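The letters A, B, C and D name the chains in turn, as written, and every chain counts its residues from 1.
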């Protein structure tokens, strides 16, 4: 019987290696905060962290960055007044700024087996400096590569033992595509449901993209 | 008040021009057969038709091909014993064979504003002859371009007046991505529902991709 | 520069002015800040469908404080409600809407706009430690139209409408119209055309506050 | 070539043999034809999750004739049922599963397989009017493992396991294992290794029916 549930935070986070690329979902809601703290406790270092924003002066993302375990941050924006901003200014954190749609598309591409694609987003901007360009149908386009993760940290509203997920309201955001894009997708769910309780047509993230699920009641 | 419903098949098909690229959804179920007959009646010629398969010796697709209004067929396979196969052998129908996953991805790319992407699918095969290749992460990849439609013919199970759709079971197939990829998405739906009747989290094709809806009860 | 003969619009006044020009049925993304207020001035019975980058299609009015749903936010991570008829999608699908040309309009803030439609709205210098790209580059390139909501000059009185942007670009040649506290200006092949000025403002005064030659509409 | 000392497997026997080797928890795509029968031989209490190109994850047993749901078919457009725990997605998401490396196994039929793992399963000649690519190229390139179900020789007695494929390739170097009516063979760096033969068959007889040198397992 397939059962992707794990019984502790430590089990959920087991085996994450130094040097991993970690995809962290969330856009306001949808960030699996307990898993971020689990990652801190687990202790993997030299991480590349992929997340929508660099966060603020406090919160789980700030806590993670403050450990110094993150070497590089890939995100769509960094606030000056944030832990990420301060570390970056101090030369202790590499930052790669990726337009948010390109970020989402690169993550989805990794999950979908698309190794690279072209996009007009960020063409003719300083983000394109030194980058490979191509004109397609008269538009300047940038070459962008897939952005796969070794690990994805995912938040769900409901999960069954096969790892089928639903996400509540706008907490969906990066969760389905980051689950697709990682070799190891670790989910925290607010609710555990019986297999079959989620109607097949309304599964938001199919279990094929999910490897471990931890129940964290609200 | 937004109301995308049209009251007749003729209204649904109005304005399709000669030379259009028509995306036709369906894989077994999910093909909007009444709209295919509507296209025949509407009479546009010199069409490029994008559809999963070339169909059989009879059925709506065979009827459409038999009109001679389709100049080129883009699909993942053609049976020898079919109207498409016979027309192709007779030199009366151009056929572009695209691997089914590449076909789906090219259509989705058109809807998502991705003008081109690389894929390992069909690299090192005769489908790659004369095509642009690139080695990415050690894998041979083919360059593939987005495949947009002037028109998409879409089947739905439920639709509301904003054009939000659900698709029943495996009739979903190409419907959501073809709706994304066309300048004019024409839907036939089996059921009309009140705005709000489809839970927001369970809309399969959002109305932003839909332009006209015709109610065709089962 | 003070001139008692005219009264600049305040920020909400600019938002209100923009709202007047949005017809029923448009899909619209509103940038963070001043643009977000535009939706408050669209009457509920005019069905305009507001999109947010985090996967919301059909944003309703802000909730009462006691009715806040922490799982439902806009692109500024402020609490929102859903309108009847809304749909929720994941981040890649949401940006497929933005990048795939499905938005009729995106209203963004700006630091500078050039006479050729170039937009600068994310950084004051290439090496600025705060890098607030977010989704602006995707929206600017992908929407059918980009309108700008901005003060006509900086708080120091420097022009923001220029021959060329000095700040790093968000996108080239994308702006169609600018709404400022003083005027509404269209971007045309010959540069900015003044479509409308606040009552009492004369063309010469507006020109004096602008860093590029203004034109009367033809 | 007749040899009373051994009895080749019939087509269902090959399918049954393959089913023995599929462990619980795998996500598996079965090609059209002989591979489709594999699922009939996986016991229901061994949870193997079968995927179809048209967006079904979790195919159940074939329905009774009176219980056929015309909206629910497999990649061969035959009626199916859903297993409890199934999920339904659209065609691009379904091929994201196949192309993104999320399938543990794909079982395909073949015309020819080469000692280096090259696969030919879609055409007998480059100019064949019947072009049956379908999703085979995507699956062959994208799945974690490709196993082949085939007759060891053609009905005319010609070898199908060869030094090099003569027919047009589906994909290069993808096949990991071949199940025929006579043997189970692994593709290794030195060529085919014979893992298993039907009872009574000797290595020399198998070699005589094979167009490339066979190896004993190391």
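Rule of thumb we're sticking to: a contact is a pair of C-beta atoms (placed from the backbone, for glycine too) under 8 Å apart; a residue touches a chain by one contact, two chains touch by 3 or more.
Please read these numbers as outputs of a predicted model, since none were measured by experiment.
Contact with chain B and chain C alike is made by A. The set of chains in contact with chain C as well as chain D comprises A, B.
Note on interfaces B-D and A-D: more C-beta pairs are in contact across B-D. The distance from the centre of chain A to the centre of chain C, with each centre set as the mean of the Cα atoms, comes to 29 Å. Distance from the chain A centre to the chain B centre is 32 Å, each centre being the mean of its Cα atoms.
Here the spacing of chain A and chain D, counted between their Cα centres, is 35 Å. Shared interface positions of chain D, i.e. residues touching 2 or more other chains, are given as 82, 88-89, 92, 95, 98-99, 142. Counting partner chains per residue, chain B shows two or more touched chains at residues 105, 108, 112-114, 119-120, 167-169, 172, 200-201, 204. Shown here, the protein chains touch in an arrangement that is not a line, ring, star or fully connected set. Contacting chain pairs in the structure are A-B, A-C, A-D, B-C, B-D.
Of all residues in chain B, those touching chain A in their complex are 105, 109, 112-120, 134, 136-137, 139, 141, 145, 166-169, 172, 199-202, 204. For chain D in complex with chain B, the residues that touch the partner chain are 52-56, 69-73, 77, 82, 88-92, 94-95, 98-99, 126, 129-139, 141-142, 168-172. Every residue of chain A that touches chain D in the complex is listed here, in rising order: 1-2, 108, 110-114, 160, 162, 164, 180, 195-196, 198, 200-201, 203, 206-209. For chain A in complex with chain C, the residues that touch the partner chain are 27-30, 53, 76-80, 85, 88-89, 95, 97-102, 104-105, 107-108, 119-127, 140, 157, 167-177, 204.
Within the complex formed with chain A, the residues of chain D that make contact are 24-25, 27, 45, 47, 49, 51, 57-58, 82, 84-89, 92, 95-103, 142.
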